[in-house]
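Letters are used for the chains, namely A, B, C, D and E, taken in the order the chains are written, and counting of residues starts over at 1 for each.
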Amino acid sequence: MKRGGIMEVKLWEKPKNCTIIEGFPGFGLVGTIASEYLIEHLKTEQIGKILFNDMPAMVAIHENKVVEPLCVFYNQKYNIVILHAITAATHYEWEMASTIGKLASDLKASEIISLEGVGPGDEGESSRVFYYANNDKNAKLFQKANIEALKEGIIIGVTGAILLRVEKTPVSCLFAETHSNLPDSKAAAKIIEALDKYLGMELDYKPLLEQAEKFEQKLKTILQKSQEAQEISDKKKLSYFG
Amino acid sequence: MKRGGIMEVKLWEKPKNCTIIEGFPGFGLVGTIASEYLIEHLKTEQIGKILFNDMPAMVAIHENKVVEPLCVFYNQKYNIVILHAITAATHYEWEMASTIGKLASDLKASEIISLEGVGPGDEGESSRVFYYANNDKNAKLFQKANIEALKEGIIIGVTGAILLRVEKTPVSCLFAETHSNLPDSKAAAKIIEALDKYLGMELDYKPLLEQAEKFEQKLKTILQKSQEAQEISDKKKLSYFG
Amino acid sequence: MKRGGIMEVKLWEKPKNCTIIEGFPGFGLVGTIASEYLIEHLKTEQIGKILFNDMPAMVAIHENKVVEPLCVFYNQKYNIVILHAITAATHYEWEMASTIGKLASDLKASEIISLEGVGPGDEGESSRVFYYANNDKNAKLFQKANIEALKEGIIIGVTGAILLRVEKTPVSCLFAETHSNLPDSKAAAKIIEALDKYLGMELDYKPLLEQAEKFEQKLKTILQKSQEAQEISDKKKLSYFG
Amino acid sequence: MKRGGIMEVKLWEKPKNCTIIEGFPGFGLVGTIASEYLIEHLKTEQIGKILFNDMPAMVAIHENKVVEPLCVFYNQKYNIVILHAITAATHYEWEMASTIGKLASDLKASEIISLEGVGPGDEGESSRVFYYANNDKNAKLFQKANIEALKEGIIIGVTGAILLRVEKTPVSCLFAETHSNLPDSKAAAKIIEALDKYLGMELDYKPLLEQAEKFEQKLKTILQKSQEAQEISDKKKLSYFG
Amino acid sequence: MKRGGIMEVKLWEKPKNCTIIEGFPGFGLVGTIASEYLIEHLKTEQIGKILFNDMPAMVAIHENKVVEPLCVFYNQKYNIVILHAITAATHYEWEMASTIGKLASDLKASEIISLEGVGPGDEGESSRVFYYANNDKNAKLFQKANIEALKEGIIIGVTGAILLRVEKTPVSCLFAETHSNLPDSKAAAKIIEALDKYLGMELDYKPLLEQAEKFEQKLKTILQKSQEAQEISDKKKLSYFG
C-alpha cells in the first residue's frame, strides 16, 4: 500500500568531499553487517538520518537504545559518511537511489561505495569478493588492491538502482558472495577486508570476524524479535476493534 | 485501500505545558485499557478528538453513549492530556505519530508517555514493566521509581513511530509484558502502577485490578459485538445491490 | 479500486429547516425498505440525487423505470427530506457521512434520523426497536414515544460514520433488531411504526407490513437479477477483448 | 491497477444535431456486433476515436488493418454518429458515460441510443428485443414501432452508467435478450431490425443475419487470438527480465 | 504497485530525420535480440537512455559492464536511432508509446520501425516474417522487398500501444513468428534479414544466426541469473527487518 510517501534526508552536519559508503540489507544482510562494523570500529558519530514513510512502523531497541532504521554516520579521519540501513527500501529503490545521489551531490562526495551481497558462483564454499566501478581511476585502484572484477551478475535493490541512476558521483561496489539469505558475517568480513585495502584505512581487521559475528548475532536477535512481534501483531489484528 | 485520508486533531481546549499520555491498542490492548482507566479514575473531561478517514466506519455504543475511537481527555490536577484510542492506526502509524508530535508541539508538552504492551521474555508468568526514555532526566526518574529499563525489544505501531519521529518533545514509554493478544487487564494494571510511581500522582490504585478487569470486560464486549457485526456485514455484502 | 471519486449532491429544490431521514442498505436492508415505504406511502417527489463514482456501474429498471441508487425525496406536509439508498457506500462511509452532514447544514435541517438494522440480542424472535439520540430534547421525545434506548451495540456503515462525524445537526437513530442478512420487511415495519410515533405523522400504518413485504419482494427481485447479471458479467470477462 | 488515466475524445469532424448510437461489448457482445454491422452496412467514415490509458495494451490487426478499440464513425444520410467499442471500459464506466455525455452535448445530439444485451427471461429460446427511453416522445416512437418496453432488468456497464449520468441528452436503449456470454449474432440482428424500425432507416436487413454471423466470426477470431496472445504473454512474464 | 512514476528520455545527442527502430522484449524476446544485434553489428554509440521508475530495481552486469535496461543507440551511416530494451514496460505500455512518439516528433523521425514477435500460424515450423505499415509508401517498400503483410494478428505490449497512439510519425512493424516464449534467435535473425532488405543496409548478415545465438545465450544467462536473484530475494524478504 502506497502512502504518497515522504523520503527526506536530515543532516545536522555536512562534511564535504567525503566518500559515501552505503550498506542496505541485501543478500546475507552483508551491507548492513559491514556498515555496522565500520560504525562501531571506526570513530564515528551520527550526523543524520533518512525519514521514509513507507517502511513498516517498527523500531528495535537494542541495549536500551533505539536503533535507527536508516542512519547516517561520519568518520572524520577518513572523511567517510556511512549510510547504515537495517530496513530495506522495498518498492522504493529508485527513490532511495535518487535520494542518495542527491545527498552525494550536496556533499560533493568523491565516490559512493555500495557494500552488497551477490548470489554465489559455482566454485566451492569460500566467499569471494568482487568490485564494480563505473570510473576507470577507481577500477584501477581496485585492481591494484588485488580485488577481482565482477564479470556477470544481477544486482537488485538500492545498489542496483544506484548503479543505474546516480550520474554525477562515481559509483563503486564491493560484492561478497553469500550462500544463504541468513545474516552472513563471514561475507561481511571479507568485504571489510577488501574495503580496507581499497581505501587504505589500515583498519585493525584482526578482530573483524569475531565482531562481525557479534553484529550478526545482534541482527539475528532483532530479526527474530521483529518476526515474533509481527506474528503476534498479525494475530492481534483478528481480534481488536479497527 | 487508501483514501487520500484526512487526519485532523480537533481540540476545544488547549492546556499548555501538559504531559501527554497515549494509549493505542497494541499487544494485549494494554495502552487502551490503561488509558481508559486513567480517564475514568482521574477527574477528566473530553477536550478533543482525532478525525481519521482511514479507519473502518464502525462505532460502538456503550451504556447508551457513543464511544469515540480516538479521543482526547484532560485532567487538570496533574495537567495531563490523555489520548485514548480504541482504533488502531494500521498503515497510518507514521502519520499518527506526526499528528501526535505536532499536537505536543502546539501544547508545548513537556513529555509524551506511551503506554504499550511488548512480547514476553522467557522468565515465568508474571508481567514485568519496563521503561524507555530518550531524555536522560526522565530516564533517571524512572530508575528512581524502581522501573527497569527495556534492554531489547521490537516496538511496533504508533509507539514505535513516535519513538522514531517525534523530536521536539521528550518521549518516554512504559512497556508491560503481555502473554497473549487478548485484552490483558493485569498488564494494564501494572503499567498504571508504574505510571503512578513515575508521575507521583498518588493514585488510589487499590481498586485498579478490579477496575481494569471491568474495562477489559467492556472492551471484550465491544470487540465481540464488532466481530459479530463485521461477520454479518461481510455476509451481507454477498447479497445486496452495491 | 479507488478512482479519485466524485461524490456530489444534486438538488433541484432546497427545503429549509427540514428533518432528514436516511435509509442506507444495512443489516436486513432495513434502512432501504423503510425509506422506500416512506417515499411511496407519503406524498413525495424526487428533489435530487447523489452522484458517486465509486459504486458499481449497475442500474436497476423496475416497472419500466430507472431506480436511482442514491436518491433524495421530499414530503412537504411534514417537511421531511428522505435519502433513499439501494447502494451501499462501502469504503466511502466517511465521505458519505460528510456529504450528508453538509447537506443537513445547507438545508439548516433540524435533525438527521438514521434508519438502521442491528444484530439481535438474545431474547427471542421478535424484533425490537431502539433509539439513540445525541440531543437530550430528542432523547426525551423518543422516551415519551415509549421507544427503548440502545444500551450496547456496534453500528457500522454510513449510520456509524454519521454518528461520529456530523456535529452541527442533531443526530438520532432508530435501530431495528434483525436476525438475518436477507431483506427483513418485518423489522422495517417496526421502524416505521416507531418513526411514526416519534414524529407524530399519524401514518396509516395498518397496511404497512403488507406494503413492506411488497418492497422486500421488489428488492429481492432486484438483488437476484443483479447477482445473475454480475455472474454472467464475470464469466463474460473471461471471453472478450479488454 | 489504476494509472491516473487519460480518457479523451479526438474528433476530426463534428456533425451537429446527430443521433449517437453506442455499442460496447456487453452480454453476447451484442452492442459491438450490432454497431459494427451499422458501420459496414451504412455508408460511414471514421471521424474520431477515444483514447483511454486504462485499457490493456493490445491491438488487433484484421485484414491487414488495425482495429481501433474505441472508434467513432459517421453516417451522413441519417446524421448518425456510431461509437463502436471492442474494448470494455471495466472499472471506468462512469468516466466513459461522462465522456459520452459530454460528446453528446458538444454535438448537440438529439438522442443517445445504447445497444445492449440483457440476461434472458424464462420464456423459451427466441431472443426478444426491449426498449427503454427516458423521454416520453421517444418512448411513444418505440411503442409505435411495436417494440416492447423493458419492465424489469439490471443493466450493467457503460449503458447502465449512461442511464444514470447523462442528463442533457435524451437516452434510449435497445436490449436484446441473449442466452450466453459468447458473441451472439442473432441477438445483434434482432437489435438492428428494431433500430431500423425505430429510426426508419429502411435498411436492407435481409442479409443481416449472415453479415452479423460474419462479424461474430471476426470477433471470435480476434478474441481467440487475443486470449492466445495473453496466455503466451502471461507465461513469458515468468521468464524475462522485468 | 504504482509509484506516480517518472518516465523520461535523456538524450545527449539528437540526430534529426532519423529512422527509429525499437526492440522491446516480447514473444521470443525477438525485439530485444534483434535490436542488440543491430547495436553490435552496426557501428553504434549510446546517445541516451529512458528513465522509468516503475521497473524493478534490478541491473545486469555483463562482461563487467552495466547493461542499461532501456537504452538509446545511434548509427550515423544509416541515420538510425535504436531503442534497445531488456525490460518490459508492463502496465506502462501507453506511457512508453507516448514517450517514444514524443521522441520521434522531437527528432523529426521519418519512421518508427517496431521489431516484434507474434504467435505462430498453423503452417509448419519455419518462422515467417510479416510487415505492417500505416503508411502506403512504406507498405509498398515492404512489398517490394518481398515481405508478406500481416493479415490477422493480435499485437500486445509497447508495439501494440505504438500502433494505436503514435500519429505524427509513420509506424511500421516487422513481426517474426515465434513458437515459444524462450529467447528465439532464429526468429530474430529472420527479422534482421527482412529489415536489411527493407532499409537496403547491405548488412553482412551471414554471421547473423551465430551472432544472434550468442546474444540469445547472453540473454538467457541474464534471465537465469535474475530469476535466481529474484528467488533468493523473495525468500530473504521473509527473514529480515523491513
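We adopt the following convention: contacts are C-beta pairs under 8 Å (C-beta built on N, C-alpha and C of every residue); 3 or more make two chains touch, one makes a residue touch a chain.
This structure is a prediction, so every number in the text was calculated from the model and none was measured.
Novice: Which other chains touch chain A while also touching chain D?
Specialist: Joint contacts, listed by label: E.
Novice: If you apply the touch rule, which chains end up adjacent to both chain C and chain D?
Specialist: A chain counts here if it touches both chain C and chain D, and no chain qualifies.
Novice: Averaging only over C-alpha atoms, locate the centres of chain A and chain C and give their separation in whole Å.
Specialist: Distance between chain centres: 56 Å.
Novice: Let me have the rounded angstrom distance from the C-alpha centre of chain A over to the C-alpha centre of chain B, please.
Specialist: 35
Novice: Specify, in ascending order, the residues of chain D that touch 2 or more different other chains.
Specialist: 2, 56, 58, 60, 69, 222, 226
Novice: Note which residues of chain A are touching chain B in the complex, please.
Specialist: 1-3, 6, 51, 53, 56-64, 66, 68-69, 221-222, 225-226, 228-230, 232-233, 235-237, 239-242
Novice: Which bits of chain A are touching chain E when the two form their complex?
Specialist: By the definition above, chain A touches chain E via 2, 25-27, 29, 55-56, 58, 60, 69, 86-88, 90-95, 97, 119, 132, 134, 149-158, 160-161, 163-165, 181-182, 219, 222-223, 226-227.
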